[in-house]
Amino acid sequence: MNEPIIRCEGVVKRFGELTVLDHLDFTVDPGEKVTIIGPSGSGKSTVLRVLMTLERINEGVVYVDGEPLWHEQGAKGLEPASEAHLRKMRQKMGMVFQHFNLFPHMTVLRNLTEAPRYVLGLSPREARQRAEELLELVGLSDKAEAFPSQLSGGQQQRVAIARALAMRPKIMLFDEPTSALDPELVGEVLRVIRSLAEEHELTMLLVTHEMDFARRISDRVCFFDQGRILEQGPPEEIFSSPKEQRTREFLHAVLHPEE
Amino acid sequence: MLFGIEWDTSTSWAFAWSILPILLRGMVVTIQASLLGFFVALGLGLLLASLKGVPLKIIAWPAAFITEFLRDTPLLIQLFFLYYVLPDYGIVLPAFLTGALALGVQYSAYTAEVYRAGIQAVPRGQKEAARALNLSERLTFIHVILPQAVVRIVPAMGNYLVSIMKDVPVLSVVTVLEMLNVAKIIGDRTFNYLIPLTMVGALYLLLTLVAAWGVRVLDTRLPKRGIPLK
Amino acid sequence: MEWTRYIDPLLQGCWVTIELTVYSTILGTLLAFGAGMGKLSHNPLIKALSVTYIEVFRGTSLLVQLFWLYFALPLLGELIGLDLRFHPVTVGVLALGLNIGAYGAEVVRGAVQSVPRTQYEAAKALNFTRTQTLWRIALPQALPEMMPPFGNLAVQNLKDTALVSLISLGDLAFRAEQLRNLTQDSTTIYTMVLFMYFGMALVLAALMGLLERHVGRWRHRRR
């Protein structure tokens, strides 16, 4: 059996008085495609942000790829991680944000080449070649010289996915990648994500409200509630016969919002 | 000797200590000139802002031009202009008044903009709501627009008062005995510029820090929703 | 016509004024970016240095700074055994640049801080270092934000150059004073000088406007 690539043990995250992650235990296997669903405010984004090192944790340990994320192995056990350690760990992950967060002052091409060049140290030619391949993958080869403000939301999100992939992460984190899009643009982004899901190596964590999509691409669905995983399992199980009352209520509300 | 106060050049510390009261006399002049210039700027700026707001182009346009002209030309030249040209037309003012007037003229261009921006920043909906309540144009301005504008105007004006203080040394060219001029004279007579000029720098830091602190206190004291005028 | 005789000497003065403005604006811009970014630095020494510079030069008067550099600095130099006597042009450029740089630093800092937090997060997710994030992501986005206040500062700087006439530099203000001493024709001379400064300010503002459009190109592109 493979060692899990992500392992959260008793992770607690608080914002002041508010406990957002409440002794969370959570593991993801290498290459696994996990979808996180759950009501707003249940801590879904926070999990991804903790993994991306955008939020510090208060208690517990997170292991990524066999190493503690927020800690380093010191002489006397685990010590808080140094910036150098965090930078090494960040290398393993890429994140796609709800609002794309492209760099507005750079062309699409530079959005894709900047980090590979100056963070990974690729040559301009290598970075450009990698970027062009990725633009091809997301179907935006003709937009290389465009600025983000000239693109539709769907196109921007596809660029953002390509930008994250350009760093060759082992783990991709998607935080509601289609929630900010007009309905007619959702499909083009989901198609790109689905093509990624076919890669066996890539581990994917996806927060979404697109239940049909989640059902089709995930190996496992986790239902988050109040900073914990209330229920998880294969998509058929969670969507067809959820055990928990809260899960049933949530799915009902999402799938039949008019009732 | 200046202002009847002798200085003691025996040691650096004694020198510094002995000229401090002289510099403080200069500081009083600095503050007086700032305040007078500030009030001139408040009045003249209001006049310019009002004229710029007149619907008649023949009035508004020259007012806008004058504002721009005053903003884009150096205080020093405006001061020389007033100092040398006014007497040619029979207006002879003491140097101090000419200096304060020049400060007021220069800064009226800035204060005019503060008035305009302050009033424009009041949301349109406020005016429309007041009109919908059948308040007259005048009453709307006095009771709705002005109270909300004041809270934006006061802190900005405070900042310009601090700026004016820093421009007062320019008046030394027409013999006003403000702080820098006093220090310069002491330096000329003792051949020691280092101590008096450094002290003026330090005193200026103190002055602007206190003034900036005052503006901040005023700003936090002002109710954010506006000040009822009654 | 009397006034035509003033044109030549005044234009010579204009040229000196323009040179002073250009040099000190360049120096001021460098200082503004250095100190503005320095104030945002996590290095306590760099931060303290930047804050001190900004506060001292914003908190005192330009003319005091100019006189200090011109009259007091050489004496300080004697005291510590260095030759700190500089040419008036150097002193003028230094004082103007240091002064405008301190104001510019606050503009730079403010603009950089107004870059949305999400941009910093995106940069972090791509593993940029803090310094890279500041210079490659935040600063270029802040640049268009800085341009209108920078335009005002440049005009302010142009006006401030008049003060260097007081350390006998032959700029426009100095030439005007010379001519007035010679001819006593104050009205004509000072009217001409005011309009010359006004003209230069308009040109400078227009140039800054062009620059603003240039650095903000990516903002105006729309689908």
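We call the chains A, B and C, going by the order they appear; numbering starts again at 1 in every chain.
Convention: contacts are C-beta pairs under 8 Å (C-beta built on N, C-alpha and C of every residue); 3 or more make two chains touch, one makes a residue touch a chain.
Chains and their UniProt names: B = Ectoine/hydroxyectoine ABC transporter permease subunit EhuD.
Predicted model, so just to flag it, every value in this text is computed and none were measured.
*Asks:* Please identify the chain with the largest separation between its CA centroid and the CA centroid of subunit B.
*Replies:* Centre of mass proxy via C-alpha means gives A as farthest from subunit B.
*Asks:* State which chain is most central when centres are taken as means of Cα atoms.
*Replies:* C
*Asks:* Calculate how many whole Å lie between the centre of subunit A and the centre of subunit C, each centre taken as the average of the chain's C-alpha atoms.
*Replies:* Here subunit A and subunit C have centroids separated by 46 Å.
*Asks:* Starting from the mean Cα coordinates of subunit B and subunit C, work out the distance between those two points in Å.
*Replies:* The computed centroid separation for subunit B versus subunit C comes out at 21 Å.
*Asks:* Would you kindly tell me how far, in whole Å, the mean C-alpha position of subunit B lies from that of subunit A?
*Replies:* 56
*Asks:* Mind listing the subunit C positions that touch subunit B in their complex?
*Replies:* Result: residues 55-56, 58-65, 67-68, 71-72, 75-76, 79, 155, 159-163, 165-166, 173, 176-177, 180, 186-187, 190-191, 193-194, 197-198, 201-202, 205 of subunit C touch subunit B.
*Asks:* In their complex, what parts of subunit A are in touch with subunit C?
*Replies:* So the residues of subunit A in touch with subunit C come to 52-54, 87, 90-91, 93-95, 97, 99, 101-106, 114-115, 118-119, 147, 149-152, 163-164, 167.
*Asks:* Touching subunit A in the complex: which residues of subunit C?
*Replies:* For this pair, the touching residues of subunit C are 118-119, 121-122, 124-129, 132, 136-137, 140-141, 218-219, 221-223.
*Asks:* Give the list of subunit B residues in touch with subunit C in this complex.
*Replies:* Its residues touching subunit C are 69, 71-78, 80-81, 84-85, 88, 165-170, 172-173, 180, 183-184, 187, 192-194, 197-198, 200-201, 204-205, 208-209.
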